[in-house]
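Working notes, beginning with the structure itself.
Labels run A, B, C, D, E and F following the written order; every chain starts at residue 1.
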Amino acid sequence: MGKEKEIVYVDKSGKRLDGRKADELRPIKIKVGVVPNADGSCYLEWGYNKVVAAVYGPKEALPKHRADPYGANVNYYYRMASFSVSDRKNPRPGRREIEISKVSGEALKAAIFTEQFPNTNIDVYVEIFDSNAGTRIAGLTAASLALVDAGIPMRGIVAGCTVGKAGGHILVDLTKEEEDAPDAVDIPLAIIPETEEIVLLQMDGLLKKEEWDKAVQMGIAGCKQILELQKKALSKKFEGFPVQEIASDLRSESKKEEIKE
Amino acid sequence: MQNIIWELESDKIRKTVLENKRLDERAFDEYRPIELTTNISHNADGSCQVKLGKTEVMVGVKSVLGTPYPDKQNEGSISVNMEFLPIASPEFEYGPPSSESIETARVVDRGLREAKALDFTKLCIIEGEKIWVVFLDIYTLNQDGNLFDASSIGCLKALSEAKLPKLDENNVIIPYEYDKKLELKRHPLLSTFVKIGNSVLVDPTLGEEKASSARFSIATTEDDYITAFQKGGKASGSFSVQEIDQCIETAFKRAKELRKKFFGKK
Amino acid sequence: MGKEKEIVYVDKSGKRLDGRKADELRPIKIKVGVVPNADGSCYLEWGYNKVVAAVYGPKEALPKHRADPYGANVNYYYRMASFSVSDRKNPRPGRREIEISKVSGEALKAAIFTEQFPNTNIDVYVEIFDSNAGTRIAGLTAASLALVDAGIPMRGIVAGCTVGKAGGHILVDLTKEEEDAPDAVDIPLAIIPETEEIVLLQMDGLLKKEEWDKAVQMGIAGCKQILELQKKALSKKFEGFPVQEIASDLRSESKKEEIKE
Amino acid sequence: MQNIIWELESDKIRKTVLENKRLDERAFDEYRPIELTTNISHNADGSCQVKLGKTEVMVGVKSVLGTPYPDKQNEGSISVNMEFLPIASPEFEYGPPSSESIETARVVDRGLREAKALDFTKLCIIEGEKIWVVFLDIYTLNQDGNLFDASSIGCLKALSEAKLPKLDENNVIIPYEYDKKLELKRHPLLSTFVKIGNSVLVDPTLGEEKASSARFSIATTEDDYITAFQKGGKASGSFSVQEIDQCIETAFKRAKELRKKFFGKK
Amino acid sequence: MGKEKEIVYVDKSGKRLDGRKADELRPIKIKVGVVPNADGSCYLEWGYNKVVAAVYGPKEALPKHRADPYGANVNYYYRMASFSVSDRKNPRPGRREIEISKVSGEALKAAIFTEQFPNTNIDVYVEIFDSNAGTRIAGLTAASLALVDAGIPMRGIVAGCTVGKAGGHILVDLTKEEEDAPDAVDIPLAIIPETEEIVLLQMDGLLKKEEWDKAVQMGIAGCKQILELQKKALSKKFEGFPVQEIASDLRSESKKEEIKE
Amino acid sequence: MQNIIWELESDKIRKTVLENKRLDERAFDEYRPIELTTNISHNADGSCQVKLGKTEVMVGVKSVLGTPYPDKQNEGSISVNMEFLPIASPEFEYGPPSSESIETARVVDRGLREAKALDFTKLCIIEGEKIWVVFLDIYTLNQDGNLFDASSIGCLKALSEAKLPKLDENNVIIPYEYDKKLELKRHPLLSTFVKIGNSVLVDPTLGEEKASSARFSIATTEDDYITAFQKGGKASGSFSVQEIDQCIETAFKRAKELRKKFFGKK
């Protein structure tokens, strides 16, 4: 093990393994309104990650004893296609998918005016067709737009961004390769950018308080970049343009963001 | 509510068919436009997205190592599975596969297997010990009828694009490295029909499926074989021998066009 | 493989491996009304195949949201006993059994006046206790009689017969040995014989159009022979004879049929 | 509805028992007629159909290859399973086995296993490596009470008829070829009783089971052993030591008659 | 096998492997009222066996079609913790647990005045955290007290005791080691001691009628000893003493019992 | 009914919190009393009973033999599972694990695994072939809130007490004989907070959990690492960066006290 060539996660010129800078996101494409049958939907590519999110509802909550008279249930289903990972995944949902569904649904619920829809269900389906680190955040980001597309009133769009550590560096939007670093720490983060409220936050690994302080600021900045892309995708859909494909080269986008901050 | 809407839609479709027309103005033997996009997942060994009108499915291929069946020591195997994702329709839900999704997967599976579309002996790594099991997983993205044909062409295209993973000297898969392409010996394609009143329509929309009394599917190959029949349908319908002959003719014609367009077959 | 002794599926005198002619059925026994608790039932032997079919219903469809206000649901359950095949079968129903149940139920529904029984279920249970090719057709043939026994009004009795190819020959009612021919094609077929309406049809393998033309005619003729046996079994039951066992030597029956055609 | 009919039936049965009679005129210690038919499935290694009055079950034996338990390196094993087919009763449905079917299967299983009805070492093929696992699968065909005793005698008869599959030189099963018969060392048979009021009745019908307050079963062998007890029953019933003694006596007598009739034991 | 040293299950001085006499129980501790959320509960140690039983109910039986208008359903759930046995147990309930739950629930039902609570469920949960032969009886004994603790009216307390055979001797309260004897017979027995009604009785093995006659008397005597301990535990709880732990050294207890008989 | 009672309780809790108080008079950053009892099961390789206020869980360790993951040939593994026993609450029922129990088990599992609390290479028996899989099973006995922290400390304590089973010369487990103790490299402990109104409370009771708008958990170690975050909660709540900083401070302080008290760490 000690003999393996050590990987340099950020080189002297500040470049990561894929050429990005520490605070730079991978290329992202977003298209709102892709599933004709759904009340709202979104297709999102984030690096190699490919996600389709669809929303059905609000609709009557059945069976009735699971209805909430104070507001809508938000049922979030995060699932990975069998071919979306390196080893074929068993099609049945695993414990990881169930946990991600739970925390993602709770994150969205924090942004939805659920009280306007008592005794209903809002079903949010997120399917991952290709993956390379960061799928839960890609899914949540797409799901947030599918909710807007479905006309569900929200206190703000939920925007997510992973931040973490690899090779001693704090980095946004880790790739699979970076997540496999021996000291890797992965911090999925989602906020309502307008208020900086944290609605999803998870973390595993060994992280010092000072590292967290730096990471959370980079993560929030990343979420704000995502928000701009989300808004752009929504305006394309709702200005009635015939949307074919929305390619946002994030590398140039993110440079602009850097200047703004 | 949903049901009432479909009832009204069905009435309308049946009346239109009585006038020898379809709601979307197609001829009875006319398919909807088809689009195929390949290589949609870098983790899959081969993949294909199919749009058939507003119907949409995703197909991915993953080959995994397995052991041969006792009676087929020198042959690999395929396994077709289908998930009716609730993304695609308010009528779909998670849980154990429905009989509809099982039927679709099995008809596609047999269509490939029994037509000997692949040379299964080429999926054998060590006779009696190690083989490739080629998984084909179909996911619905939008349900507007005729998932049979969308799945059939999607699987065939994904297979035709798929490569086998590379193995190291211990016959362990090397991730993201690939060996030769899978070679297709035949290109069986399914054509599905429904019966509405006394008319037989190819490539039904969801509305047409719901308005129909019976369903019939036929797979055909470039070397003039019929390789699969499947009669079904939830209502009290049946087909005459003459109707089936008419379907066979259309199926051969249509499959030929699709093979030319998507598989470069003359 | 090439060295294996080649099997002659039809010899020079026109005889198959078990001595039958191309259009000859295996011996069949049918007994209607065998399960005291059921509303209708039938026991059927077809070669080595042994089937019990029972019908319960029409009865109130529960849960109510699955009731059909336009007619009865026909729920067909085809199952194989664990010991009915060469290798012990897992008792849980497999995908094959689920598919066969679906197409068989749809075939029967085409013959039942379901509209006379809105909001009800007609449950048809078919259990295979021994098998040797053709069990789905044996089951459907028995189920059709169980429905009549239950007094459920039908447009006609459903009669089934397998037809197929082995060793280049078109044959009715294939055995397991014939089904294992390298060029075997298996075509389960069921019709309402009076109108020749096809209510079940499946096929796998490589079949030319001309072969199909021949096969379908032989299959229909086979179904008509079955219908006669079905009628005989019903008349035994309903004429009130003390039925012990109905043995119909099909070999002699089928000779008569040949002459008729 | 169903329930009300059973309630009325139960009342009638209880009243009749108070007059020291049964609805079908049997004595309290009298069995219904039993018929056994063997060799009902050429795919089974042994099989038996049991008619006990109107109660009917099918039993099939299939032996498969397995590996021994760590603590019984030189012994094979049996596995009894029971399916309450919905063919047999409007009260049965498919799905995970009910606690009733599990109880029945386990009582029959233990009855054979703990009475050492088979010499399990004769089911060992290679010590510590390869054994026979003898599966006994019970299917109900008509439920009219006392599935316990019908299953018990059906399993014993099917076992007594069963042959082990033949193995080739690599210890692989040769289909449809058979080796020696399984040899039974003991013939334990179950006798089941119910309590109605203060009376104890053998071989209850379904109606008697529903009218009863408790159930008790006893297995006995030809060499004067009691090999199983099982007390059960959904209502609030119990048995006294005296009642159990009375049951034991009847059980020994009855099992002896059945062993004579069906297993040629004097 | 024959060469293995033969185990002497009862030595010349009448002592068993753990020093007990043939009719002597293992040490038992009982504490009533241990689960604050439950309507009634009991903790019981019996030798190495450790059991927690809790009762919830009577409460409305749902779904309604499973309610009994003539009395309460008694739903008994016997389960073993994964770490309670020598090899880790799969957490899903096995067939053994389902059967034990069934016969134990039926045993308790015989003692409860269920007719006082039509259309209700009484749920009895029994979890085994450590085991060494006799857990079903330990569970039933604890459950009976949990029912009393829940204030459910009963015709009598159900008391259980295992009796059996090892090395040719009839013994009460077998240990795992004794249960593994080549000639072992295990007889779980539970009665309502006041009336000596047998409410649970199972047996496997080879037992002569004379052996049974002896066993049942020893078993009933054992149950009566248990009843005294059950009463003591209840009185501790209900006299309002601050109960910390009730340790009943059964060895001295059982000696007293011997004299009484 | 149940729901209405909880609604009233929630209102009361929210009002009390507005007055900077808790119903049980604790300070916002104050834990309930904790009691740990070890060695509760002689069949477990290590075990611990936790009482945290009225919340109670049982944890048992069982190590079983397994094979290593392909990418970790020289490492053993742990597996944390949690069962919400219906003994503990009228809201729990048997069946497939709820998302709540899965979340709890996974947070505890990752907390141990990612903090490298164990040296996984010491769980390797033969590289690439045989490893220990250490199962940690958590059972609820009484649910009064904060099952996260009760499970976290219960698992750590049970692990710290656990011994590996002894193996014979063929690497087969010798029952009830043990080898060395498992050695803990780090002692990560979870601290859980809820938000009620604008206040953040540590170690919530069940009532406080139900009255809260969001939940947040942090694991910390003796060497000043944060090793896990988990934000959750069924209502529409969120946390600010400042609130999280406040939680981190309390979590470090509290974990230090617990490590001192129960693990002898200064």
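By our rule, a residue touches a chain if its C-beta (ideal position, glycine included) is under 8 Å from a C-beta of that chain, and two chains touch if they have at least 3 such contacts.
Remember, it's a predicted structure, so these values are computed and weren't measured experimentally.
Enquirer: Taking contact as defined at the start, I'd like the list of chains shared as neighbours by chain E and chain F.
Expert: Expected: no chain.
Enquirer: State the chain with the largest centre-to-centre distance from chain E, centres being mean CA positions.
Expert: The most distant chain relative to chain E turns out to be B.
Enquirer: Which chain has its C-alpha centroid at the greatest distance from the C-alpha centroid of chain F?
Expert: Farthest by centroid: C.
Enquirer: Can you give the whole-Å distance between the Cα centres of chain B and chain E?
Expert: Between these chains, centre-to-centre, one finds 59 Å.
Enquirer: From the mean C-alpha coordinate of chain C to that of chain D, what's the distance rounded to whole Å?
Expert: That gives a centre separation of 32 Å.
Enquirer: As a quick test, compute the distance in whole Å between the mean CA positions of chain A and chain F.
Expert: 27
Enquirer: Touching two or more other chains, which residues of chain B qualify?
Expert: none
Enquirer: At which residue positions does chain C touch at least two other chains?
Expert: Where chain C is concerned, no single residue meets two or more other chains.
Enquirer: Taking the touch definition from the header, please name the shape of the chain graph: line, ring, star, complete or other.
Expert: Shape of the chain contacts: a ring, since each chain touches exactly two and the loop closes.
Enquirer: In their complex, what parts of chain E are in touch with chain F?
Expert: Listed in rising order, the residues of chain E that touch chain F are 35-38, 41, 48, 50, 52, 54, 56, 77, 79, 81-88, 91, 93, 123, 125, 127, 129-132.
Enquirer: Report the residues of chain F in contact with chain A in the complex, numbered from low to high.
Expert: Answer in residue numbers: 97, 99-100, 102-103, 105-106, 110-111, 113-116, 214, 216, 221, 224-241, 244, 248.
Enquirer: Which of the residues in chain E come into contact with chain D in the complex?
Expert: The touching residues are 95-96, 98-99, 101-103, 106-107, 109-112, 114, 187, 191-192, 196-209, 212, 216, 220.
Enquirer: Contact residues on chain F for chain E in the complex?
Expert: 40-45, 47, 54, 56, 58, 60-62, 64, 81, 83, 85-90, 94, 135, 137, 139, 141-144, 175-176
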